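The two complexes that follow have subunit A in common; it is paired with subunit B in the first and with subunit C in the second.
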Partner chain A sequence: MKLTFPHMGNTYIALKALLDTLQVDYYVPPTGSRESFELGIANSPEFMCLPFKKVLGDLIQGLNHGADTILFGNSRGQCRLSHYGDLLQNILHDMGYRFHYINLNFRDLTYGEIRNKLEPLLPGGISRARLFSAVSSAVKTIFAVDDLYSEACGVRCRECRRGDADLAIRRFEQRAKAAKGFSQTRRLIRETKDRLAHVPANGAADPVKIGIIGEIFLCSDPFTNLELEKKLGNMGALAVNTMSTSEWIRRHFISAILPIKPKDKAVRAAQNYMHTDYIGGHGIYTIGNAELMCRDGIDGIIQIYPFTCMPEITAKSVLNEVQLQNNVPIMTLILDEMTAETGYITRLEAFVDMLQMRKDRVRSRSG
Partner chain B sequence: MQKEERMMSEYFLGIDVGSVSTDLVIMDEKEKILSKLYLRTRGDPIYVLTESMKKFQQEFGGISIAGVGTTGSGRQLAGVIVGADIVKNEITAHAAASRKIMPEVRTILEIGGQDSKIIFLKDGVVTDFAMNTVCAAGTGSFLDRQAERLGIPIERFGEYALRSKNPTRIAGRCAVFAESDMIHKQQMGYGEEDIIAGLCEALVRNYLSNLAKCKEIDGPIMFQGGVAANVGIVAAFERMLGESVIIPQYYDVMGAYGAALLARQNYQRTGKQTSFHGFSHAYHTFRTRSIECKGCENHCEVIEVRENDTVMARWGDRCGKWSGQNAASATAVKEGTAS
Partner chain C sequence: MKSHHGAEPSKLKVIGIPEGLMIFEQKQLWKKFFESLGCHAVCSGHTTKRIMNSGIELCCNETCLPVKAFTGHAASLCGKADCIFIPRYSSVCSHEKSCPKFCGLPDEVRISLNNKTKFLEIDIDFNRDSKKTQKSLDLLAGELGRSPKTVRDAFDSIVKPGLAAEVSPNRSCSYEPGAPVLAVLGHPYMIFDRLLSMNLIGKLQDAGYRVMTPYDVRRSVRRKNVAPFLSDSFFETGLDMLGGAQALVNLPELAGMVYLSSFACGIDSLVLEIIEHKIRNGRRIPFLKITIDEHSGEAGFDTRIEAFLDMLPNTESIRREKIV
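Up next is the complex of A and B:
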């Protein structure tokens, strides 16, 4: 048996360590691969969204490289009326692939769900305690990796020499591919953090702060969002990503296992604009996080989502109001596989320029 | 102006390499335009750029250029070829030019060849902007194509529209549907003028609903970009906005003017000597080629610009393996984007 799984940003780092620990044989599709992406595009219905095409491409690569089992996570009632998981399976079947399909239900992702779905993969069986500890380590690693990337954002926009932070992250990604198990991965994260902490920074830098909201796959996946965080950082702006994988884990896993479910802060904040707690996907969090960031003080917000993403389209229409109420500019970027990078960079540059000018004006008035 | 006087003062060069036109402006210390060029890019930005530099060389060969700014979708390429001090996006450049001409301007409508933008300002600072996203229906290229199809020179398109008493309603949401709708209306026997006027209205309607949705358009409103020459579009804007629209004298080279202004600002702020290669540099041979990098799975398409036989710059890679080597030229690019 050989397992494969699709990429979503940097989740593969933790997932890989988990599978190492459980001693499951696996194949990680190449990261940032144009070839897999094109395979996905060629085999998807045209009006499917970018994440779907990217996921399909990764799975095809996995199956082409000897995997016979697919691990996928599907959120019931979320994307395209929840049929993404089934649709992927059907397309791959029609292409002639035969495989075992594990579709984790992310609406109710408990230890029980994980054990039920993963147990058949573990021929020797596994004790509850071991599985519990391995999954907990994976969750911790996801948080640690996200933390590392957001630290890199903080360093990138202040570094004296452009490219230092990028270099540290690139090294990390190269070495993470070879790392085995949790302890190696964690050591690597620590080393990279240390390296980032030693990047010479311009202490006087006061970067504009830009919040990133929108569809979670695009927000957290640098390949599909054309390295949004990196681009903003290299333009001298501090990117604050509200939609990382750890956020998602927090929402779907940690809140599912908690006995008492507290009402989400973002959902509550969104109620000023939308009197419902669910508009599909993560749309409600897009609105809520925009509002929360405006309250906490942010220079500008970028909403990013794949072309045809319904929940985000709904959220977008509300963002106009959020912008008016708070006087914080919100720019929307819609991506599909045909997005021209030049136009994308132009918009980002213009946005950063604008925020910088606004900030300078406020400063010159108050100073 | 006297030749000696020209020799005495300092000048700034602004270049806007757009998809349809390449515009150049030479500006003096007092920020007045000395000369402008508006040329069709025709898919060969290097050729147009070097030819216009040669033209400037013949006319203004001896003047001292203190700063160069580039903008437009070809700004990076142009920046490397001429040696720019500042490389800026179109929004910032257009806003800089309009602000110079009219400090109290509140809204800028800009329609270019491939994209259209709307920029909102308050007290001279950009407060919001929008660019068209996935559609070319509201752009100059579309008008160009329709003018060509109808056999009317684009310069006279506007007059035709103004002659119409009863504009036909054209479906303007999508360029493809608009075209088939126009053909349909022609077959039905609608007059040419009415169809053209209808098209102008459709374009403006589309522009406003795409870019200005839910946004307050306050006056003074300035309209620039090549399409501002089209009186039919201007009339349609005025009718729909219920306000008069100001067309600046240099409406067609506002991007280049803005780039020159930003170059001057940059010069004043830093006092750095320009990296301009000189007009005569245009006689060198420039070549570009693309290489597919096989360094990782991403297979980036790397663009390489060569002057005679030396590599000037490379870009298009994600990891910085190639673009990291652009020592001198890269500084200008980065300063331009990271201010």
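Up next is the complex of A and C:
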């Protein structure tokens, strides 16, 4: 048995360490591969959303490289993710692949759910305690990796020599692919953090702060969002990403375990605009996070989502109101496989320049 | 306040009902509901060019054609009614869900219309939380100046049984035995709306076909015909399409299927793929999918339909055989 799974940002680092620990044979599809993306696009329905096409491409690559088991799942929400599983299986079967599909419930990803689905894969069986500790380590690693990337955002916009932070992250990604198990991965994260801390920074820099909101796959996947965080950082802007894999874990793993569900701050903040707590996917958090960031003082916000994403279109229709009420510019970027990088960069540059000018004007007035 | 209502002591209101999206099928229910509460209900009527254009102007441009039409319907009611009623359809029964755009529709329209008028809403979310409906009904009762119990009773007796009606109000009444059948699939507020569908059904009927839609099949049959899926719920219109297509595909007189979809419809992207997968692996009947948005020209649309009809094999002989 050989397992494969699709990419979502940097989740593979934690997942790889988890599968190493459980001693499961696996194949990681190439990261940032245009080839797998093209495979996905060619075999997907035209109007299906970008994440689906990316996921399909990764799985085809996996199956081409000898994998016979797919680890993915489905959600329970109002977004199309709930039906990825059905469609993926249909399409892959039509293409002639034969495989076993492990269907995790992403919405309530409890320990019990993970145990039920993973146990059959482990020929020797595994004690509850060991699985529990391995899954906990994976969760911790996801948080640590996301933390590392957001730290890199903070360094990138202030570094004296452009490219220092990028270099540290690139080296991290290269070595993470070869790392085995949690301890090696954790050491690597520590070393990279250390390296980032020693990047010479311009202490006087006061970068514009740009919040990133929108669809979670695009927000957290640098390949599909055309390295949004990196691009903004290299333009001298501090990117604050509200949607990352750890955010998913917090909402659908940790809160699934908690006996009492805490009221969500973002959902409450969104009530000014949407009188409901759910509009599918993470749409309500898009609105809520935009409102919260405006209150905390942010220079600008970028909403990013794949073309035809239903929850985000609903969210977008009220973001104009958020923008007017708070006097904070919000730009929407809609991506699909036809998006050209140059046009994308131009839009980002124009947005960052505009925010910089706004900021300078306010400063010169108050100073 | 209109003069003929002036004599009434209660907070009687003229309620505007936009005839689009899910209300397209259920306007009679809501009309009866409000009339039973002593209100006067005004419907926005058929979609017109004017309604369509004002909707396109008001909406955020990424949203789909039917939502734009709906916003146009709502805008056309401003000034004609004291308030506009927009139900929040999240799910009409358990294990079914609506398009996410319906969940935010009341807010979306309110903001698009710049809070120009008052809005009434009812939460319908029977899959996740049916208590929400009760709460929103109580709020509505306060707005209308009625007792919560009257409003709840009216909802339970008039609206609730019709939300997931066994027989659709849009079923076709004509039945000519023998004529070759074309199945038209698509969301009810698309295919039965003459303007949005560019009179697709009429055009196919004029060409001598009997048109059947999933809404000619009873709801329970539509549900029974859906193959099992992984998630615990599915899109309501998606189920109608999947089950309807499965029921219709076995008709011996079936000559072809036409799927009318609005540009960038999320649900259709999914459902179409499943239906096509079925047709590829089952009875291979001619299948045409047409995607339209506000920029679609009618001439190009007609050409595609004509080309499809010309391509259908032997329908002429089928028709002759049946008549003889």
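Keep in mind that, in the parts below, the second predicted complex is superposed on the first by the 365 of 367 C-alpha atoms of A that agree within 3 Å, B and C clash if a C-alpha of one lies under 4 Å from a C-alpha of the other, contacts with A are read in each partner's own complex, and residues count from 1 in each chain.
By definition in this document, a residue touches a chain if its C-beta (ideal position, glycine included) is under 8 Å from a C-beta of that chain, and two chains touch if they have at least 3 such contacts.
Just so we're clear, the structure is a prediction, and the values are computed from it rather than from any experiment.
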Inset, instruction - Go through the superposed model and pick first if A:45 touches only subunit B, second if only subunit C, both, or neither. - result: second
Inset, instruction - With the two complexes superposed on chain A, say which partner A:83 touches: subunit B (first), subunit C (second), both, or neither. - result: second
Legend entry - Contacts of A:166 with subunit B and subunit C, given as first, second, both or neither: first
Inset, instruction - With the two complexes superposed on chain A, say which partner A:307 touches: subunit B (first), subunit C (second), both, or neither. - result: both
Inset, instruction - Report for A:94: first if it touches subunit B alone, second if subunit C alone, otherwise both or neither. - result: second
Inset, instruction - Classify the contacts of A:320 with the two partner chains as first (subunit B alone), second (subunit C alone), both, or neither. - result: both
Inset, instruction - Look at A:334 in the shared chain and tell me whether it touches subunit B only, subunit C only, both, or neither; answer first, second, both or neither. - result: both
Legend entry - Partner chain(s) touched by A:342 [first = subunit B, second = subunit C, both, neither]: first
Inset, instruction - Using the touch definition from the top, say if A:279 reaches subunit B (first), subunit C (second), both or neither. - result: second
Legend entry - Where subunit A meets both subunit C and subunit B, residue numbers: 307, 320, 334
Legend entry - Residue ranges of subunit C touching subunit A (in the complex, touch as defined): 59-60, 62-63, 88, 90, 97-101, 103-104, 106-108, 111-112, 121, 123, 128, 229-234, 264-270, 272-274, 277, 280-281
Inset, instruction - Enumerate the contact residues on subunit B facing subunit A in the complex. - result: 73, 88-92, 115, 123, 125-129, 131, 133-134, 213-214, 296-299, 318-320, 324, 334, 337-339
Inset, instruction - Please name which positions on subunit A make contact with subunit B in the complex. - result: 30-36, 162-163, 166-167, 170, 223, 227, 234-236, 307, 320, 329, 334, 336, 342-343, 345-347, 349-351, 353-354, 356-358, 361
Legend entry - In the complex, subunit A residues that touch subunit C: 45-49, 74-76, 78-80, 82-83, 85-87, 90-91, 94, 103, 273-276, 278-281, 283, 307-311, 313-318, 320-321, 334
